[in-house]
Every structure is written in C-alpha cells, then in structure tokens.
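What follows are several structures.
There are two complexes below, and they share chain A, which is joined by chain B in the first and by chain C in the second.
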Partner chain A sequence: MFDNVLDNYAHSNNLKDANTYFKVLFVISTMVMNLISTSPVIPLIITFFMSFLIIFEAKIPLKFYLKFLLIVPVSFGLLTFIFMSIFFGVGSHILEFGIFNLAITSDGFNLGFLVFARMLGGFSCLAFLALTTPTNEMFTVLEHLKIPKIVIELAMLIYRYIFVFLNEAVNMYHAQETRLGYHNMKKAYKSMGMLASNLFIRTWIRGEQAYQAMESRCYTGSINTMRSKDSAKTIGLKNILFLLMFEGFLILGVYFTANFRLF
Partner chain B sequence: MNIIETKNISYFYPDGTKALENVDFKAKRGKIVALLGPNGAGKSTLFLHFNGILRPNSGNIIIDSEPLSYDKKHLMKVRQKVGIVFQNPDDQLFAPTVIEDVAFGPMNMGLTDEEVEKRVKEALKKVGMAGFENKAPHHLSGGQKKRVAIAGILAMRPQIMVLDEPTSGLDPRGASQILRILYQLNQEGMTIVISTHDVDLVPLYAYNVYIINEGKIIKEGSPPEVFEDVKTIRKANLRLPRIAHLMEILEKEDKLPFEKPYPLTIGEARRRILKEFNE
Partner chain C sequence: MEGFLPWYWCVFWFVLSLPVVAYGVIQIKKVTEKHPESKPLLAVSGAFVFILSSLKLPSVTGSCSHPTGTGLGAVLFGPAIASVLGAIVLVFQAILLAHGGLTTLGANIFSMGIVGPVIAWLVYKGVKKAGMSSLLGVFLAASLADLMTYVTTAIQLSLAFPIPTFTAAFSNFIWIFAITQIPLAIAEGLLTVVIFDYIMKLRPDILENLNVIIPKVKEKVQAVV
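After this line comes the complex of A and B, so read on.
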C-alpha cells in the first residue's frame, strides 16, 4: 500500500552521481521551454526525451516509470483535456454530441491539447529530477540558491520524518487489518480516522523527543550540516555544451512551431 | 573520582506525578555503570537530568566536579561533555543522510569544516559504519541506525556517554556489536552509563549497578552485591541472570551444593561447576 520506491531509485539510479547543479539547471531550463512553447510539439518532444533519459540513462525500470507517470498525472491530464475541449473556446465545432448542445470547438481542443502536452512535459521534467537526484543533494542546491534557511530546515525534517511516520502508519494499518478493521466500508472509514488521529498525536510526541535529542547535541536553533562538494563550477564543459545545444534546439523548435495547430 | 553525581534529586512531571524521588546516583570516571529498572521506573527521566534537558525540582547535579548550572553557555559545555544516545534512533537521526546527522553535533560546537569532517570519519569508523556516509537513515537496519546514533554522539568527543536501552529491539548480533563498541570506548577511557533491563548482560560489563523502581534507587553496588539480594531484584520486576537462576534452582530444588553468591556469568558458573566436580 505505501512504499518508498521513489526514494530508493533516487538514491540508486545510474545518474545519481551526475552533478546536481547540472541536473537542476537542465530541468529548470527545459521546463521554461516547455512553458513558453505555444504549440504542443515542443512539450511532447520534451516528454519523449525526458522519458528516454529516465529509462535508458538513469535505468529506472520502464514498468515503474509508466505506473508513476500514467496513474495520476496522465489520468488527471486527460480529464482536464476533455473538459477544456468541451467547455472552453468558441468558434467552429469539430464534433457535436447532440445532447445539451455540447460540442468540441477547435480552440477548446487546441487549448486542451496544449495544456495536456505541457503538463506531460513538465511532469516528465520533474520526474527526471525526482528519480535521479537524492533529496539531500537538492537541499544543498536550494541553500545555494539562497532559499531561506528555515524553509530548508523544515524541508529536511519533513523529508526525514515522512519515512518514519510512513513506517508507523503501515504498522498501525497492519495492526488494524489484523483485527478486521477494514472489512467493510464503514469500519474502514472509522479505522482510517483512528489511524490518522493517532498518527497526529504520535507526531507530536516524536517531535518532542526529537527536539530533546537535538538539544542534547547542542542544538541552538539552526541546523548546520555538512554539504556535499558538488558545485556549479564542476558541471564540466561537455555538460554545458550539451545543455546549450539542447536548449537552443528547443528554442528553435518553439519559434518554428509557434503557429502549429492540430485543427 | 565521580564524574557524574546527583545529590538527592526529585523531579515531578508538569502534571504533578512524581517521576524521581531523592535519587543519589554516582558514576566513577572511566567505569561502566548500569541502571537497571523496569519500564516506566524513571531511567530515561534521570538520564535527561545529566545534561540539563530536565531540571530537578530539588537537589543538585554535579558533572566533573562542577555543579550544573542552567545558563546557556554552561549547558553547551555540559552537553559536549555528556553525550546521550536516545533509545529510539529514529528520534535522534533527523538528517537526510548519515554524514549530515553525525556532523550535526560537532557543527553546533562551532568547529571548522576540516575538523568536523575528521571527527565524523573517525566516529563512523569506530562504530563500523564507514562507507555509509551518504545513505539515508530510513535505508538502514535497526542496529545500523543505533550505531549511527552512537557515532553522532562520539563525534562530539564526550567524556561520558549515556545510553538509554542501547540493546533494546536489536537482534543478538546487533546487540553484541553495540556492546563491543561500548567496551572498546570504555577501554579508551570513556565513562559509560547504560540503562537496561537485560540482566544477563549487566554482570558482564558493569562495574557498578543501580536498581531503580518507581523513581527511587532501591539498590546499589557491584553486580555480585546487587544480585545477591534476590528479593529486591524481583520486587523491581526484574529477575536474576539466567545462569544464576539455574544455580538457585539446582541448590533449592535439587539440593546441589551451589550456595550464594550465585555465579552471574557463564564463565563464573563454569569455574564453579568444575570446582564442584573436581572435589
């Protein structure tokens, strides 16, 4: 039911040792291209390219990636696509349903498709980052980008304790299941509610204990930790060239496909 | 020479429940002291007094012949001297990677990056966790987490290491690894205070034993002295070490000549039995 495979891949994929700054720069600039494109072509190219990198370079199993990509993002995106093409836009109808005067208009369809394509592109960029970069290295980059320290500290603690509480939640869930807590809908709701409230109380207690443990190690209000030695300076010429070429290609693509429409 | 000494301390929880009552606890420098007691007897509460996390309602605490005062500067100093390893490593390990967690203490002490790095490396090596620097704590086993937690304290180079139930929840191999580390540290001169209810292990390593029950110290002495008083041991929901229990049964039920003091460890029992046979 709950698992942390995503985090396992982030720590053990084939690209984990690639320079973190490079990965972040690559993802952000590609996402910008994805957003400024006014036709769905570039976002789709980005989706394919990122998926290619994730599967063949980072060596994330195809099955996991598809599950990761398809279940929530794609189904959510398709839903948006359908609604946008029906309810947005005016102009010529390309398909009429015959009931309630519902019809798909060409601008609605184009807009919906663009949003869908951008969503796929954006998601594949984020998936690339999430699947190839250990979270702790992201914190280093964030610190470098002058994100306020308190935000990073909170993120660090949240990241760590997600797994602790996930574990506790799984244990509680199994304990409830053992005592038939989920054998019908009504029981399931009740059990889930109990699990949630109990987990909340536990987070409180755990927070108190973690604070005592930190105080014992001379905690004075800010978490100073050692950071990894990657820096923007060690990206390497080859990587920078690749980045420039790829983004250049995307910019040209954005320019030439600006007026491309399916209908 | 006592490095930790509590004089008559009492502590009440905020809701008024008594947690500790007139506790006198002493730990000699360079020794291993065990605090034995059932669940909820006040072991953890007492430990949190040693570095000023909790403040007693009455009584004094003396660390390294200096009375504990609660101003910020002194507390910093005491917390470097007295390192506490918490029972649940998940409470202690908060950072996303092992190296960041171990570095947390020394970084707070304001050491230079090179010094911190050196200490972290050394601490991880001592607990046998070198090579795990960039692992996330949730990818480690229970015993490994515990060892990282110990490394986090070791990196601060304390004089006293206080461990709350260091072997609870570990498999026998994990537990014996932890004990070996502690034994090694003690050989290097560190004072170690452990709370436990594993009575079989206590006679193996402890120089001195305290028994605490319902917030009161009810017995104190060397392992043979403490385990001689079977009544008190059982009153505190504890038991004799298995080997001593066997000797007690052999004496009482089978009328074999194994009179008190019962041997507490396998080694002692072996010598005793051999002696009986040879006579």
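After this line comes the complex of A and C, so read on.
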C-alpha cells in the first residue's frame, strides 16, 4: 500500500551519476517523438529501448520493473484498447460479436493500438526518469528552467515531508489494522478518517515546529541549498552525438512509418 | 496517463493551465511574504495531499480508489493556492510513482488542480451562505469536486478522440465514468467529512486561523479577558 521503493532505486541505480541534464533532455525529446508518431511502430521501439536501458544499463531488477511498473499501464492500456476498438470505429468491421450489434472496426482497432503503444512508450520514458534520477537533482534542473524560487522551495519541503509522513501513516495504519480497524467497510471509513485527520493535525504541528527551528537558525525567507555539480555544459560530446543520432533515427522512423497500419 | 493525448491537446491544456497556476504562485508569494510562518505550513499541507492521494479507499462497487484530496485543500486554502499544491503533487506523482505523466501534466492540472478546487470552493461558499452546516458543505464540495474532475476528464478525452462525433464519444466516456466514479465521489465526500469532523473536534484553532469556520470560541475567550 505504501511503497516508496521507486525513490530508493533512484538513489542506488547504475545510472545515478550520469549527467542529469542529459537524462532529462533524453527523456523529454524521446517523449516528444513518442507523441508525434502516427503509427504504433516508433512508440513500441521506444518502449523496448527504454526497458532495455532500465534493466541492463541502470540494473533495476527485472522482477521489480515488471511487477510494479508494467502491470498498471499495460492493464489500463489494454482496457482502453478494447474500449476504443469496439466503440470508436466507423470503418469496415473486422470481427463481429453477434450480440448487441458490437463489432471491432479497423479504424477503432488502429486508433486503440496506437494509443496503447503511445501509453507504453510514454510510460517507459517516465519510468526511466523516475528510476534513474534522484529527485534533488531534478530540482537543480527545474531551477535552471526559471521556475519561481518559491515553487522549488515548496517542492523541496514537500518532498522531504512526504517521507516523514509516509512513515507515520504506515505506523498508524498497521496499528489500526492489528486492532481490526479495517475489517468491515464502516470501520474502514472511520479508521481512514481518523488516520487522515490525525495525520493532518500532526503535519500541522510539524509545520509549526519546522518554522520555529528555521527561524532560530536565521531563516530570512529563502532556503539555501548546495547545487548539484552537473551542468548543461558537462554533458559531453559522446552523449550529445548519441542523443542526436537516436532522436534522428526516431524522426526518420516517424516519417517512414507514418502510414503503417495493422489492418 | 502518459501518452494518451495527441500532442496538440497536450500543448492546449498546458497553455490553459499555466495562467491559473501562475496566479496561484503570485498568491502564495504574497502570503509567504506577509506571514513567513505559512511557508512550512503550506509545504506540510502539500505533503498531506500527496499522502492522501496515495491512500486506498474501499468503495461500494468493490473496487478501490484514491481520493483526490483537492476538495479538502480548496476548502482549507482557497482554489488558487490549492491549484499550485495540486500541480506540485502531480509532478511528484509522475517522478516518484510514475503515475499520471509529464506530457499530460497540463490536462491533469486542469481537471484535478483547477476545476476540482474551484468547484469545491464555490460549493462550500454557497452552502455556507445558504446557512446550512459546514459538514454538509464539506461533503458536497468534496464529492462534487471529485465528480466534476472526472466530467472534465471525459470532456478532455472526447475532445482528443471525437470519433464519430464529440457528443457520441462524450456519452461513451461519461457512461464509463458514471458507473465507476459516482460511488467513488460519494466515498471521497464521506471520508472528507470524517477528516474535517475530527479536525474540528481536536484542533479547532487550526481551522479558525484559516478562517474556515466562524471563530466562536475566540470571541468567548476575549469576552472573559
């Protein structure tokens, strides 16, 4: 229920020392390619390549990647796929069910398959970023993008407190569960409400304490932090060439497979 | 979900959400400059919304749902600040849990971070003005905010895939959401009422500082002094 393993891997994978700017640039440009593709071929290539990087380069355990990361998008994507291929077509029927006049149409099938492939492609890009990049490093990139300082400070504090409160929530949840707090629905609501409201009150007290602690350490309205050593200039020629070649290959792929259809 | 929307709709929703979030950022800047102690409080509230949205909630249909938490945030802080907190939480859900997505962030911010809080806030103010209890207001605000979030999502989806027509696609999507989301909206409303009720019993001073409920107790204390 409360797993924060994703963040643990972000700090301990094999690619954590790779240049953050490079990783972000790589993921964003691949995502754009994934979006502008009009055939399912390129998104599927992206999915395989990103999964390969995650498993063999970043050395994330295969079991974890499949279990936690692939089940949700694949099942959600398949549902969308089925839904779209039945309801979203006006073209010729390729399979009729014989009941309720339902049929899979070629238009609907192609659209559903395209969306399914895009979801997998986009998801694998996001998973690559989430699994290989420590969040603190992301803040430096955000700062470079001229995101207002107050937003970044809030984000940093929120990030810190998420894990503090996650621990408290897990403790309270287990305490309630051992006292049969969730054994029927009425109890579950009461327990969940108690947990959430107590958590809110605790978070509030913590917030007040944090302010007092900050003020006693000369807080003047801004939080100063150490910057990450990476910068856009240290990406390196090899990485830039790789990026250009990979995205160039994807663009060519998008262009040449533009009219590819399964049916 | 990442990759669901065509690129022009991604851009469209980003353009639509940005001004609202920017306005919220200006609001937050003003508040934190006036009351510096509010910065850590806003931060812990953002973390609270994140935890709330990662809790599983049992529902009538036997499925589980994640409360959006935006209703509570909007009632407590107002829609502008709730939208910024919602945006930050959505970014964290993308990069910590790989939920949601970065390209669909604009659309998600619009439905969850803007429509939801604005509806919640309007409903809450309306019910309070009509003189009914604030618990009823919280219930209606949270469940209607949840419902309108999904209606907005249905509109976004059928705008992106208007096949064969916008209305036909919309009725398809809204049917699916109606079956799954109405029980969940009621569930979220109930949960928010329980949360609000407990906070009101245990620490009413927090809610008074936020001007959510009328500070009756404070007046009494002042009269005694």
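Criterion: the second predicted complex is superposed on the first by the 261 of 263 C-alpha atoms of A that agree within 3 Å, B and C clash if a C-alpha of one lies under 4 Å from a C-alpha of the other, contacts with A are read in each partner's own complex, and residues count from 1 in each chain.
Rule of thumb we're sticking to: a residue touches a chain if its C-beta (ideal position, glycine included) is under 8 Å from a C-beta of that chain, and two chains touch if they have at least 3 such contacts.
As the structure is a computational prediction, the values presented were derived from the model and not from experiment.
Q: Contacts for A:210 in the overlay, against chain B (first) and chain C (second): which applies, first, second, both or neither?
A: both
Q: Name the contact category of A:196: first (chain B only), second (chain C only), both, or neither.
A: After superposing on A, A:196 lies in contact with chain C but is clear of chain B.
Q: Check the residue A:8 against both partner chains and state whether it touches chain B (first), chain C (second), both, or neither.
A: first
Q: Quick check for you: in the superposed arrangement, does A:17 touch first (chain B), second (chain C), both or neither?
A: Neither partner.
Q: Determine, under the contact definition given at the top, whether A:218 touches first (chain B), second (chain C), both, or neither.
A: So A:218 only meets chain B here.
Q: Could you look at A:148 and tell me whether it touches chain B, chain C, both or neither (first, second, both, neither)?
A: The second partner, chain C, only.
Q: Thinking of the overlay built on chain A, is A:134 touched by chain B (first), by chain C (second), by both, or by neither?
A: It touches chain B, and chain C stays clear.
Q: For A:125, using the defined touch cut-off, is the partner it touches chain B, chain C, both, or neither? Pick first, second, both or neither.
A: A:125 contacts chain C only, not chain B.
Q: Please name the chain, chain B or chain C, that touches the greater number of residues in chain A.
A: C
Q: Mind sorting out which residues of chain A both chain B and chain C touch, each in its own complex?
A: 4, 7, 135, 157, 159-161, 164, 206, 210, 214-215, 219
Q: Chain A touches which residues of chain B in the complex?
A: 48, 51, 53, 76, 79-80, 83-84, 86, 88, 90-97, 99-100, 103-105, 107-109, 113, 116-117, 120, 134-139, 152-153, 156
Q: Per the contact definition, I'd like the list of chain A residues that touch chain B in the complex.
A: 4, 7-8, 11, 134-136, 139, 156-157, 159-161, 163-164, 167, 206, 209-210, 212-220, 223-226, 228
Q: Using the touch rule from the top, collect the residues of chain A that touch chain C in their complex.
A: 1-2, 4, 6-7, 28, 31-32, 34-36, 43, 69, 73, 76-77, 80, 83-84, 87-90, 107-108, 111, 115, 118-123, 125-127, 129-130, 133, 135, 138, 148, 150-151, 153-155, 157-162, 164-166, 169, 185, 188-190, 192-201, 203-204, 206-208, 210-211, 214-215, 219, 221
Q: Any idea which chain C residues touch chain A in the complex?
A: Interface residues on chain C, with respect to chain A: 1-4, 6-7, 10, 25, 28-29, 32-33, 36-37, 39-48, 50-52, 54-58, 84-85, 88-89, 91-92, 94-98, 101-103, 161, 163-164, 169, 172, 176, 187, 190-191, 193-199, 202-203, 206.
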